[in-house]
Amino acid sequence: MHRSSAHEASRLQLNAQDRLRHFLTTEGLSRDHLTEILDTAESFIDPVTGAIVNRPLLAGRTVMNLFFEPSTRTRTTFEVAAKRLGADVLNIDISKSSTSKGETLRDMLWNLEAMTADIFVVRHGDSGAAHFIASQVTPKVAVINAGDGRHAHPTQAMLDMLTIRRHAGAFENLIVAIVGDIRHSRVARSEIHALQTLGAKEIRVIAPRTLQPRDFDQLGVKVFERMEDGLVDVDVAIALRVQNERMESALLPSSDEFYALYGLTRDKLKHAKPDVLVMHPGPINRGVEIESAVADGPQSLILKQVNYGIAVRMAVLSLAVRGQGEQR
Amino acid sequence: MHRSSAHEASRLQLNAQDRLRHFLTTEGLSRDHLTEILDTAESFIDPVTGAIVNRPLLAGRTVMNLFFEPSTRTRTTFEVAAKRLGADVLNIDISKSSTSKGETLRDMLWNLEAMTADIFVVRHGDSGAAHFIASQVTPKVAVINAGDGRHAHPTQAMLDMLTIRRHAGAFENLIVAIVGDIRHSRVARSEIHALQTLGAKEIRVIAPRTLQPRDFDQLGVKVFERMEDGLVDVDVAIALRVQNERMESALLPSSDEFYALYGLTRDKLKHAKPDVLVMHPGPINRGVEIESAVADGPQSLILKQVNYGIAVRMAVLSLAVRGQGEQR
Amino acid sequence: MHRSSAHEASRLQLNAQDRLRHFLTTEGLSRDHLTEILDTAESFIDPVTGAIVNRPLLAGRTVMNLFFEPSTRTRTTFEVAAKRLGADVLNIDISKSSTSKGETLRDMLWNLEAMTADIFVVRHGDSGAAHFIASQVTPKVAVINAGDGRHAHPTQAMLDMLTIRRHAGAFENLIVAIVGDIRHSRVARSEIHALQTLGAKEIRVIAPRTLQPRDFDQLGVKVFERMEDGLVDVDVAIALRVQNERMESALLPSSDEFYALYGLTRDKLKHAKPDVLVMHPGPINRGVEIESAVADGPQSLILKQVNYGIAVRMAVLSLAVRGQGEQR
């Protein structure tokens, strides 16, 4: 997607008052938009205990999970988030419904809308699928992108931003490095856009050449091939999951080789700042992307990320419903 | 099923006060019964916005969806309806439970009852299955037929009646034509009974000879083979879904041929009243039973049907629970 | 598992105040512990109507069903119980989540915890799995064993105890016989421990030699090979399900032969007390473990067991949450 068309697509997620009414991508959103998501997410975290607080902002609303690509993890977090907001949640079995009876996607969406859906949470293997769906639904429905192809995974990016803001401090002071298969990662794309918009001091990607992004100059990131170089002075290191299933060809070295070169180990982290924080979108492959001692160590924020994911999804669901209400 | 036994079977769904306590078939129900269902359904539709209203009439009740034949669409509508009434809903995975362990159907039902089920929503491939199940359960449980074999699909029929009443007006003034595979359609059977009971002026079926009902004189419908004849002066045209999977042999012409002869097109609809309304139980096969311009056009009520389906299922669930309570 | 290690394992399920905070096994629990479970279960049964009463003790809590071994029946009872307590319930599709992506069990548990789970209901094919899981979770989570390998099925045992207490009276006066495949039965193991702790007058097991427990002297039960001997003076006869799928080799005679020798028939029950009560954990194999006339007869408590199972699971869920709260 070109930058101009990306920004056009992003317009789709804002209402006439320039407020979120879908949540499709971090691209094209302003710092105010992203900060509002983070602030709203914080409002669902008890300041004393750190526990996620229930708030019935979606009572009487119906959330439908449309997972064209299976992901128990992400679906579960959305289900928990929606229930904590008091919504009714339905997991639609896509494989059994539309496709088997030859219904078109558009007809399926219209039918689910007519069944009084208020929100579609969409996961799809094709890049741009969430945008397409958002372009088809009526003004009554809000669409949340739970990952589409190689394009975006914006709630994952925002939970990472919340984790950074809560544990590493102001973005202006931070050097953040993303390590691994940047080229095929929707998480990386969404993170880079969010980090830029939120004003991170420096964004780096560290990857073998075959996995480096093709448009890195456009993306505004510094590209490194070696960890020894890329990790220097880094405040936050984010390891990506090695998506074997997403690789089209043998672009990737073996797991062992990958670990030797790019695995986040205590040794390699010595190049970074002493209090460097470590993140990973999960599920982790121990001994591939990350050393167990690092994943389970004091600098790891991996489980915090999962936990904040509930609050961020609650934020996005409730903001989209609010914005969709203003639109009508 | 013969007419007399049909009426006997229908008794099963009424309590001692002659009120609904199961909902198995439109056959044998009085105009008052059907009108009460329609009026109750209307009570769940906001008169100003048209939105479906939540009402906790089933709070604390447990609805179990027993789908022996998969149908994501119908199951989803019942799940939404039950949740909007405040019930707890459980989708029982039939394939994994009873059959795999050699339990009899009766034992399975008794066990689910003992797990404090209040309502079974039943979908089954065999005609008469819902009646059988209703004959086996204790007085504590209400059974709703969500489609059984070729026999009945009464909630679909009633949502069609609600659609007609809200958009076409009094049944006494209406000529309604049902088009397609009448012989194998549980929807058509249930619709014909409901239309007769509600006093439709004339009920027509239009189908190739192989798909015409065998008992049409008993059914009290006029049978047509050609659309040019059958559509004349029609107020409401209902296309049925072409159920390839349900046809036992090659009774059906090819899709193209079917569309040429029986597809609801703008051209063919010129034979009907100018403001003829068009319905279809969905999911639609565009270019087989219906032209896209018709399905998406101003006279189409197809998505209204889906929407009213929620209200009708709320009505039937709440009425059956009331009637079952009186019985005890 | 040896007795000493069993008691050690049991400590895991108690908090510092010696109160339940997981529920893993009946073994090692005191009579007070078991009686509290039974009394709490009774509190959820309406004394007049016998109906299960809702009580929102788990409102705002998230229960996750982790069924590594499928069991629609048991999962459904836990789902109903948790919903009647006002909890949000999520059925985690284990097969699609962890295993497919190579995540370790421990990582999966930590992730689900971070998604704000309060309770894991665990069913697993391996003996000791529930203990292992309880040993891995943080203090925030309570673990309920819904059956692990051949080891324990403690909620089944406790619902049997509740059935006996409500219908047969004080344990001190009762001779209870368990019939069938004792050796491979987690239900039998859990029942024997519970009956002993609650002070049953005499516990008998009746089985062919190949299916008798190996440690019966440790278990403190009387072993019989013939029904004519074992049923004499019995107050309660519990038939076990013949678990064909669990037998490793051809230890079992044919179904017909088993029925002839060990099936609970009217004839064989003449050896027991005249008002002997008959139980079975379900689902029953009619004509294998039990005669239909017995299963459906006035002395059968089989459906009562299922019904009380809801109350017992409500008790265990609410007690574990209370005990886990005290621990923190």
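For reference, chains read A, B and C in written order, and residue numbers begin at 1 within each chain.
Criterion: a residue touches a chain if its C-beta (ideal position, glycine included) is under 8 Å from a C-beta of that chain, and two chains touch if they have at least 3 such contacts.
All figures in this text were calculated on a predicted structure; none of them were measured in a lab.
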Residue numbers at the chain A-chain C contact, same meaning over half shared and different meaning under half, come out as different
Relative orientation of copies chain A and chain B, as a Cα rotation angle in degrees, nearest 5: 120
State, to the nearest whole Å, the distance from the C-alpha centre of chain A to the C-alpha centre of chain C. 42
Two or more other chains are touched by the chain B residues none
Interfacial residue positions of chain A with respect to chain C in the complex: 51-52, 54, 70, 72-73, 76-77, 79-80, 83-84, 282-286, 303-307, 309-310
Using the touch rule from the top, collect the residues of chain B that touch chain C in their complex. 60, 62, 88, 90, 92-93, 96-98, 101-104, 107-108, 110-116
